[in-house]
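Consider the two complexes below, in which chain A is the common component and chain B and chain C are the respective partners.
Take a look at the complex of A and B:
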C-alpha cells in the first residue's frame, strides 16, 4: 500500500521535482563554474583572503534555493489534495490515516534530501579541488541551515494545507515564516560562516519535532474543526 | 486521543517558543531604547575632565564645577585631539605640558580601538594568511601561503595549488615545538590584512593556555613564548600594528583583567580598570599624545579611566543613565512578556538559545488573561473544567499562550477518535 501511495505522489510531483532538481543543479553548477573561472582570472591569494578573512561566501547564490524548493514542492504536492478535497480519498485508503499523511510528507522530505545531497556533494567535491578541508568544513556548516530551512518551510506548508481553518492557517503561516527566519540569522550580519557551528544540532532536532504536526492538521481535517 | 494531546503540546511549545523570540523583538524594534552615555575627555589646559552630555541632536560640554563650554572653547581645551580644527584656525599651541605639538606626531599618537563581547565570542577564521613580515618591498603583500594549526602541526597550504607545503609546514611546526608549543591551537589573534603599516603576525593560545607570538620573517618562522601573569588565561587579544610602535596590542584575561603587551621586550603592563566583565562589557581604548583613556560600558553605566602615557591612573569618572528596564516601555515589557528567547544576541556572533526572564511581574497579566479566558468560555457556554490544558498554557505562557490557544482551540469538545 505504501508503495502505491509513494507512486501516486511521484506521479503527482515528478515534473516539479525534476524542474526543482534542475534549478538546484543549475545554481550549484554555476557556482562551481564561477570558482573555476575566478582562479583563472584573479590572484588565488586574493580569493583565499576574501573567503577566510572577509567571510565572503562565493556560494551565496544558493541561499534561498532550498527554501524555494521546499515551498514549491509543498504547494505542488499538497494543493491538489485540498483542492476539491481529494485528500479525503487518501484518508480513506485501507491504511492508517496517520501513516498515509506521514508517508506523503516523508516522500517530500526524502525527495528534497536527495536533491540537497546532490547539491552538497557536487559543491563540496568541486570546491575541495581548490580549497583545503578547513574551508570546506566551513562551507558545509554555513550551507546546512539554508538546507534545513527548505525542510522547515516544506513541513509548514504541509501543515497549513491540510488544515481547514483560514484563521488558523494564517497564524501557523506566520509562525512558519518566523521559524524559517531562525535558520537565516547568520546572514543578518553580512554572511558569517560559523554562526551555527555550536547549535546546528538543535536546529535539526527542531525539524524532527515539528514534522508530526501534519497529523494534528489531519485530525482537524477529519473532524472538520473550524 | 493520546496522540492528539501530544501533538497539541508540541504545537503549543512551537508557537510559544517562536512568539517568545519575535514578539519582544518586534516590541523593542517599535520602541527602541538607546543609551546616550556621557563621553569623558581630559583637558590638559584645565587639568581636569570634561563631560560631553546629550544625544545626537543636542550635546553640551561641562566640567566638574558646572561651567559649560561651546564647541570653540571646548576644542581649545583639548588640543591633543582637536588639533586638526585648531590647525585649521591657526591656533594650535606649540607645546602643551612640555610636549611639542606637531601635526604629524599628534596624528601618529591618536588612536581608538576597543573590544566587545561579540568580538570575543566570535568565529575563528578558517585559515590564516601567513603574511611575510619583512618583505623586500615598501608595503606588505598578500601571501600565497595560508595556514591552520591542527591537532598535530601547523599546516601551510599554497593557495595556488591547494597543496600542503610540507617543507614549510615542517619548518614552522618544529620551531613551534622547540618553543614548547602544544598542539592544537585554541585561538589565534591577528589582522589578516595588508592594509596596515607593518605586520606582527599572530598571537596564539595553545592547548595548554600558553601564549605565543608567531610570524613569518624572511620565510622563516619566528616564535616567541609570552610569559603571562600568574594563573591567567588569555581570552582575547587585539593586535594593534600601529606606526606608534608602542605595543603589540592589548589582551583580556579570563578574570577580566586588561593588559598591554609592549613591543620588542614583551613586557606586560597591567592597566588598572574596574567594572569590567569581558562577557558583558564593551571596552574602548583611546590614545593621544598626552593621555590614554579607557571606557568600560555596561548597558546603562559607563566608567572612564584616564591615564598618563605610562598608564598611571590620573583620574576616573563613573556615570549612568536610566536603564532600559526602568523606562515605561521596559516596565510594560516586564508585565507583558513572561520570558524571552534570543537566538542572535548582541553579545555573541554564534546562534544560541539564550533564555531570559526578569521577574514574576508577568504573572499579573497572565492572571488577568486567565480570568478573561474563563469569561470567554463562560460566554460561549463551554465547560471550564474540561479546558485545563488551555488554562495551563495561558497561565504559564501569558500572551504567547493566548496565541497557542487561539490555534489549538478544541474548547470543551469531546475528543474525537482522531486520526489513527
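Take a look at the complex of A and C:
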C-alpha cells in the first residue's frame, strides 16, 4: 500500500521535482563557477581572509533556494489533494489515515533530502579543491540552516493544506514563517559558525517535532472542524 | 450477524448555528439499494460525509458494518466503495496509472471489471483523466468501484454533470453489478427520474427536517396527487397531517397526501373548502418527490 501511495505522489510531483532539482543544480554549478573564477582572479590567502575575517560566504546564491524548493513542492504536492476534496480519496483508502498522511509527507521530505544532498555533495566536493577542511566545515554549518528551512516550510505547507479552517491556516502560516525566520538569523560565515554549530541539532529536533502536526490537521479535516 | 450494513441513529448536524437536519434515522440492510433524496442544501452530502467519517455529527450515531463511521478500521474501509460528488479522481493520472495505483490497496482487485467498462469509451490507456469529459470521468470512477468490488457502495450525487446517455450507462452497469453480486448501495441524487426502477428504500430530506423514510414501492403506492377546482380558493392553504403539500396553479389546486381520496375530501369539507372536478393524477417518482418537497 505504501508503495502505491508513493507511486501516486511520484506521478503528481515528478515534473516539479525534476524542475526543482534542475534549479538547485543550476545554482550549485553557478556557485562552483564563482568559486573557480574568484580563485582565478584573487590570491587564495586573500579569499581565506575574506571568509574568516569578513565572514564572507560564497554560497549566498543558495540562500533561499531550499526555502523555494520546500514551498513549491508542498504546494504542488498538496494543492491537488485539497482541490475538490481529493484528500477524501486518500483518507478513504484501506490504511490508517495517519500512515497515509505521514507517508505523503515523508515522500516530500525524502525527495527534498535527495535534492539537497546532491547540492551539498557537489558544493563540498568542489570547495574541497580550493578551501581547507576547517573552512569547508564552517561553510557547511553555515548553509545547513538554509537547507533545513526548506524542510520547515514544506512541513508547514503540508499542515496548512490539510487543515480545513482558514483562521487556523493563517495562524499555522504565521507560526511557520516565525519558525523559518530562526533558520535565517545569521547568514554570515563566522557568525553562523558560532551561532549554528551548536544549534543545528535543535533545528533538526524542531523539524522532527513539527512534522507529525500534519496528523492534527488530518484529524481536524476528518472531524470537519472549522 | 446483523443484517444492517448502515445504521443511522438520531443524527443531528449543525454548521455553526445553522441546523442541517435533526434526528435522522434510517437503516440500510444488506443487499438493498437505498436512496437519500432531497433538494440542494438539505444535507445529502453532509450525511455522506458523516457516513464516511469526514465529519463528526453534532449528535447521534452512524454505524457502518457495526463500526462507528468516524473510526472505521482499514478492513471496513476496504469493504466500502466511495464515489465523491462530481466523480472526482486524480486528474494527473492516466487510465492505466490510476488502475495500477488503486490495485495496490485491494487484494481482491478485479481489473477486468475496470477494463471491460472502459472498452466502451473512446479513449486510450495513456489518456489523462484531466483531458476527459465529465461523462468519461464518471465511467473511470465507476470502473474503479467495480474493480474494488466493495460490499457497500456509497455514491454521492452520481448524476452530477452527466447527460442522459451517461446517466443511463452508469445506472445500467450499476444495476447489473448489484443484481449479480448482491451488493448494498447508498445513493444520493438530485435527479430523481433515474432512480425509480433502482431504489428499494429511501429517505427524503427537506430543509432542517426528514420528510419521510420508507420503501420506495410503499411511497409510490401510498402517496397521491389529487387535483380539483376550489369554488372559493383561500389565499393560503396550510399543510397538516393529511395535506402534505398543496399547489395552486390558476384555478386548479393540487393536493399531495398519503390519505385516501375520501379522507382528503372529508378533510377539505371540514376546512370549508368547497370543490368539484376531483381527479387523481398519476405520478412518477420525480413528480412524487416534488409533490412532497415542493418546487421551491
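Note that the second predicted complex is superposed on the first by the 219 of 226 C-alpha atoms of A that agree within 3 Å, B and C clash if a C-alpha of one lies under 4 Å from a C-alpha of the other, contacts with A are read in each partner's own complex, and residues count from 1 in each chain.
Rule of thumb we're sticking to: a residue touches a chain if its C-beta (ideal position, glycine included) is under 8 Å from a C-beta of that chain, and two chains touch if they have at least 3 such contacts.
If you're wondering where the values come from, they're calculated on a predicted model, not measured in any experiment.
S.K.: Looking at the superposed three-chain arrangement on chain A, would you call chain B and chain C a clash or a fit?
M.R.: On the shared chain A, the partners fit.
S.K.: Just chain B (first), just chain C (second), both, or neither: which does A:135 touch?
M.R.: A:135: touches chain B, not chain C.
S.K.: If you stack the two complexes on chain A, which partner ends up touching A:179: first (chain B), second (chain C), both, or neither?
M.R.: After superposing on A, A:179 lies in contact with chain B but is clear of chain C.
S.K.: Which holds for A:86: it touches chain B only (first), chain C only (second), both, or neither?
M.R.: second
S.K.: What's your read, chain B or chain C touching more residues of chain A?
M.R.: Per-residue touch count on chain A favours B.
S.K.: A:222 in the overlay: touching chain B, chain C, both, or neither? Say first, second, both or neither.
M.R.: both
S.K.: After lining up the shared chain so the two structures overlap, which partner does A:95 touch, if you call chain B first and chain C second: first, second, both or neither?
M.R.: second
S.K.: For the superposed arrangement, tell me the lowest C-alpha distance between chain B and chain C in Å.
M.R.: Least C-alpha distance after superposition: 5 Å.
S.K.: Both chain B and chain C touch chain A; at which residues?
M.R.: Correct list for chain A: 91, 96, 222-223, 225.
S.K.: Hey, which residues of chain C end up touching chain A in the complex?
M.R.: It is residues 15-16, 49, 52-56, 70, 74-75, 77-78, 80, 82, 84, 86, 88-93, 97, 100-106 of chain C that touch chain A.
S.K.: Could you please specify the touching residues of chain A with respect to chain C in the complex?
M.R.: Of all residues in chain A, those touching chain C are 1, 3-4, 7-8, 11-12, 80, 84-86, 88-89, 91-96, 221-226.
S.K.: Quick one: in the complex, what on chain A touches chain B?
M.R.: 43-49, 51-53, 55, 91, 96-98, 101, 129-132, 134-135, 137-138, 167-168, 171-172, 175, 178-179, 182, 185-186, 188-189, 192-199, 202, 209-210, 212-213, 215-216, 218-219, 222-223, 225
S.K.: Which chain B residues qualify as touching chain A in the complex?
M.R.: 3-4, 7-8, 10-11, 14-15, 18-19, 21-22, 123-129, 142-144, 146, 148, 155, 157, 159-160, 162, 164, 192-193, 343-344, 349-353, 403, 406-407, 409-410, 413, 416, 418-420
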